[in-house]
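In what comes next, chain A is part of two complexes: it sits with chain B in the first one and with chain C in the second one.
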Partner chain A sequence: MKSKKWLPLFVFMTIVAMLVGACAPAAVATPAPTTPAQVQKETVIVPQEVEKVVTATPPPSGPVTLTFWHGYNADTETPFLEKTVIPAFEAAHPNIKVQDVNIPYDQFHQKLLTAIAGGTAPDLARLDIIWTPEFGDMGALAPLDEVMSDFATYKDAVFPGPLSTNFIGGHYYGLPLDTNTRVLVYNKDVFSAAGIENPPATVDDFLADCAKIKALGANHWCFGDGGTYAWAVDPWIWSFGGAMTSPDYTTSTGYLNGAQTVAAYQFLKDGVDKGYIHPGIKGGGVDTWGLLGKGQIAMILEGPWFPPSFKSQFPDVKYGMALMPAGQGGSISVVGGEDIAMFQQSKNKEAAAEFIRFMLSLDTQLQMATVGQMPVLTETTSSENLAKLPDYFGIFLEQLKNAQARTPVSNWTRVEQILTDAGTAILNGKGTPQANLDDAVSKIDPLLPKPAQ
Partner chain B sequence: MAISTNTQKKIIPYLFLAPAAVLFLLFLVYPLLKGFQISFYNWSIMPTKPSTFIGLDNYVKAFQDQVVGTAFKNTLIYTLITVPGQMILAMLAAVMIHNITRGKIFFRTLYYIPVITSWVIVSLLFRYLFQSPEGLINYFLVEVFHITPDPVGWLQQAGTAMIPVIGLGIWKGIGWSMIIYLAALASIPHEIGEAASIDGANTWQRFWAVTLPLIGPTVVFTLVMLLIGGFNVFISVYLITNGGPMQQTEVALSYMYHQAFDFIDFGYAASLSFLLAAVIVTGSLLQMKFLRRPVEIS
Partner chain C sequence: MRLRPRIFKKSPVYVALIAGALVMIFPFIWMISSSLKPNLYVIEYPPQLIPSNPSLENFLEAWNANNFQQYFRNSAFVAITSTLLSVTISAMAAYAFARFKFPGQETTFYVLLGVLMVPNIIVIVPQFFLMKFLGLRNSLWGLVLIYTATSLSLNTFLLRGFFEQLPHELEEAVLIDGGSYLTIFANVILPLSTPALATVSIFSFMGFWDEFVMALTFIDDPAKRTLPIAIALFQGQHGTQWGLVFAASLIALIPIFIFFFGLQKYFVGGLTTGAFKG
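Presenting the complex of A and B:
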């Protein structure tokens, strides 16, 4: 009878003890920030040993496996990476294996956060250039200017625009891996049906062409885009002479709600109201490639991945490409692209640095170009190298001369949510462009970095 | 082993319970408590970076945040429409299937298929159906039935963007309640219905006064489960509207998700989750108090 009383208690205590035992390390690890900080300092020392090794033989002594997360597309880029680029790297570095993980763009941010919080971040990742400031600011990325002894060589070898997205708080947290921009893509059959000879060079030409295209019928739209996020609206804002923020990114007052930016939004609003722009931009999105292929949308803005991928989906559709139509501010498009970054949690920083060097070598950059990845090395624009690049890169390289990066601030996702909501409100007729942008500015300004004293 | 058979008998059940209990404590109770702790912090996701304790700030912020109001309102609207919608249609389907003589299995399977399909796939399908202007729904409205002169911009306005989400919730949920109702209907003895018929009750009276009270506990069970399910709507909203346009179709969980994984504000997201939990727990307690009256079949 005695056992009746203590047994349940005993079992319960055992379970609790097991639970506490299992949880304690995790619970204790988080509020103790000092010890791991020292560990980081140690890892910084390691690459200096590499310095001697790098020039002569491949570095690490034992076999090492690197994990590399990327969002290369599944039809052309990923197979090329896995079948050509990585095997070439592994052949040159017998001690390093590269385990690449393809993660779709829309899950990338979340998976990476989860991995960082859980201490299981990859060694390397190909980050959208708008994410690098955020992850760098968070302390998740290794400062490459400290980890790579030869960082300066790479810093000087790449285009300064894409490089700028890696510079946060006095350090470089990545190197550009590929770059891109959006140019105007138009369906040639629709243009000839509407009696248009040349793609529009200016915003006025664009509007004149839109009137002709609309005359083809209600199911025809002059232009289509997926929403009012920065990637979509920035080219119009800049080409109209407007801006998101001041050049030092510290305020949006007078820029995002300035006269030119307001004019750009008014242009988009009028376009939607007149039926020039497909209503999917107001919300819900639109299958721009599908409708361009069917000839229902005449013009879209697209990047250098478009020609190879579109060809595989719509082999018979004839299209042309042109620069962004020029407004008061000129013909200015948006810079996209990816950085390659190394994580603080990486245990193989020397090997990871070696992979970065390989990805930024002229050979690899030219190879990746064959699947639509625009190189970031300035030497690729020499006539000798240019000849090795696909023909369609010409228009993108031309546009890149007049293209800007989206605001590289650590609060970018919040800023973009406010921007997107303001744009959606404007296009749906909920308040004037000026009123919505004034409101957006009041919300965005507190999220921007404080001006340097 | 010097343990008596009697003692063994007492230990063994607990040993069988232990694995499940450990998993429960480890993967439910511990995260729950941890989440509660996070909700009082400006939480840093970097294991190496300290989090700062900010007391009730996250909760205060939640009460001042307009989008939280919208999100909870949308969650409530979704629940208030989809729960009765599912229950009534499921009951209708269950009664009909119960009373037909041929094709029972066929219809039962037919209505149950949406339940086992993936939320992700049907959400994307609904998004596609409700595209504007070229979606299938608009095609039927404008071209086939001429109900509206112009295509409806379903996902472009807050008012209409919830319709596909709610429609999906009802359509996908009918089968689940239906199966449970079918089982309950099958448990009612024939004699009771027959007795009611002899007493002169028509079909409707038999259903309303005899069948429904007898399966009352089952109905209450589905009600409680569906209410909890309704408050937890997420995948369909995330994939169909993603909270847009202008965060007008955010529901509690989607807003929480955006705070945590887009804006990296895990402390705030955790506080939102506990506010939602408070609502659900209160609601469930009230239901149990007022609705649980077992009906005996004797």
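Presenting the complex of A and C:
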């Protein structure tokens, strides 16, 4: 057969294709080193454009359409944005139309990477705070401190924790848009059954309460969380006085494997071993809301989306909220939320800046609060403004005064994977906390930015 | 009285089959039951199969949610057009591969098969650039083009296997009576191949109707989105109303049901064909 001689080539091509395919997920999940270079190429002319726009302060003469990508939820937040917030902006700015695009959260990061590489990024996006350093570092975002002449006003008006996620390489690449943090949520019925009067204020109280809750029976747990990712373990590390990295984020040696951080992991490990902490934290995950509702888990850490959603599912369950139990480092929780950022590829930077200003105005921030978005402006904590916010925001705003952002570095996705794996190994008893954290430090340090000379 | 021993003898088979059927249908029943529960933010364990106060609220809310009906129409347009195009083109190609001898025939066919081995996700960035170059991003016709193109190799492969086992004599008879190859294709091959065509149509339609990654990547304009994206949007970052997700998924299943049951009598015959040839 004539075709025989093609067969080896065909087989070879197939194998190559399959090998490339097998490698693909890794390349997709963590941006390959080539991506930033490519992006840089796409955006290299833009800085000049920026200067042009900055000096030419008059607003755009012709009608301009801004694209704004976001992951607001589809049931309440997006309709509110589209029917109330954007129309108000367009009424105030007749020359600017805003086309918002709702993107599923799980695919948002991937879609942005593709769009940036393809030169089709939107003008603006609402980014999870853990993504801003990555996109800023690859040159995809416009430095707002250069593009917006009044940037300092906004910088000073927002909470410092959420703001810190926007600062990378000497520039601010975004502004916080909404924020959240985790506080302790406890089931009141379980507490009274165990004879506990008040939520634990310190880690020692927490352990004493755990002993009482465990006495209720084998299928009662004091605390539950979904795993050992940073969102779950950081509040404990910080409250124990530990840290992920040095304050300038250049090394984790002596911080992630320092005595306090080790103590925090030892506390979690002991908790799991004694049956205080639900074994789901070892990596299997757990339906914390469901078990809290059934009274099998007494305490969890949750964010401001919890009260309205939980109430609709478990209307009869009585729960209370308290600050993160304090350890040697105080009561410190983790900051979540979103930033608003402008892309270098945007051709309408002045109009985009106008939309950022609008989204950060007190009115808009208070309006978005009605659909559960916690404001980022410090002035919202004044008693007059606080009265306009849902009651349950109070405890979260209180905790936000002592809350930190997860390490804002461009390699965060990989750093967090190493952290999560180390935590899982510790809680499953594969090596001591110290040994696992030493190992993690040796892998994380090369991924951190080099110290400035 | 001979019936009883036979049933007795076969009963283990029935028990196994019923157990298998229950396992297969359980997620579906769970989906229906969840879709009838309003405000379901938590996946319950153990699942409660009979809702305490069932309501159709989720279905109404999903159907009337942002642009859902528009997305439904977009999906219907893309899936139906792509299925028609893909089945037509691959049937013609498969006929050529099955019946004609031409230079490079086997090679071309192997290359076509080689395409099957390349996972879609590898080529998504080049495809993205191609679509941008052609100006077909943010266009439903762009999706039709991509869907049709990516499905051709599998469909051609399946149909060629079927066409090859049709008897040559019929076609020779047509040629002797003065018919052309087009007559053979339209009046002999296609009518004889309904099982294979039905199978290929169903698989293609289901694939196009459910496709998520390419639709998400190539379409930025909310007005041009398809149904899988609308369903994914019901899953929030912090809390998901699962009742809504399941209700939306059930609505999305209706066209597949109609399509499947409409072609079912051909479909079962078609499944075995690939087993002998291809």
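Note that in this section the second predicted complex is superposed on the first by the 392 of 453 C-alpha atoms of A that agree within 3 Å, B and C clash if a C-alpha of one lies under 4 Å from a C-alpha of the other, contacts with A are read in each partner's own complex, and residues count from 1 in each chain.
In this text, a contact is a pair of C-beta atoms (placed from the backbone, for glycine too) under 8 Å apart; a residue touches a chain by one contact, two chains touch by 3 or more.
Keep in mind that what you see is a predicted model, and the values were worked out from it rather than measured.
Touch criterion not met for A:146: it reaches neither chain B nor chain C. Residue contacts after overlaying the shared chain place A:205 against neither chain B nor chain C.
Contact with chain B, but none with chain C, is seen for A:424 once the two complexes are overlaid on the shared chain. In the superposition on chain A, contact is made by A:78 with chain C only, not with chain B. Shared-chain residue A:101: touches chain C; no touch with chain B.
Using the contact criterion defined above for the overlaid structures, shared-chain residue A:109 touches chain B, although it does not reach chain C. In the superposition on chain A, no contact is made by A:137 with either chain B or chain C. Once the two complexes are laid over each other on the shared chain, residue contacts for A:438 go to neither chain B nor chain C.
Using the contact criterion defined above for the overlaid structures, shared-chain residue A:90 touches neither chain B nor chain C, since it reaches no partner.
Contacts of chain A with chain B, set against its contacts with chain C after fitting on chain A, overlap at residues 3, 7, 14, 18, 117, 119, 287.
Chain A makes touch with chain B in their complex at residues 3-4, 7-8, 11, 14-16, 18-19, 22-23, 27, 29-31, 33, 36-37, 40, 109-110, 113, 116-117, 119, 134, 138-140, 279-280, 282-287, 291, 296, 344, 413-414, 417, 420-421, 424-425, 428, 430.
Chain A makes touch with chain C in their complex at residues 1-3, 6-7, 10, 13-14, 17-18, 20-21, 24-25, 28, 67, 71, 73-75, 78-79, 82, 99-107, 111, 114-115, 117-120, 122, 128, 287, 289-290, 293, 303, 305-306, 309-310, 312-313. For chain C in complex with chain A, the touching residues are 39-45, 61, 65-66, 106-107, 110-111, 113-114, 117-119, 121-122, 124-125, 128-129, 132, 137, 216-217, 220-222, 229, 232-239, 241, 244.
Chain contact summary for the complex, chain B toward chain A: residues 6-7, 10-11, 14-15, 17-18, 21-22, 25-26, 30, 34, 44-51, 127, 130-134, 153-157, 161, 241, 244-247, 258, 261-264.
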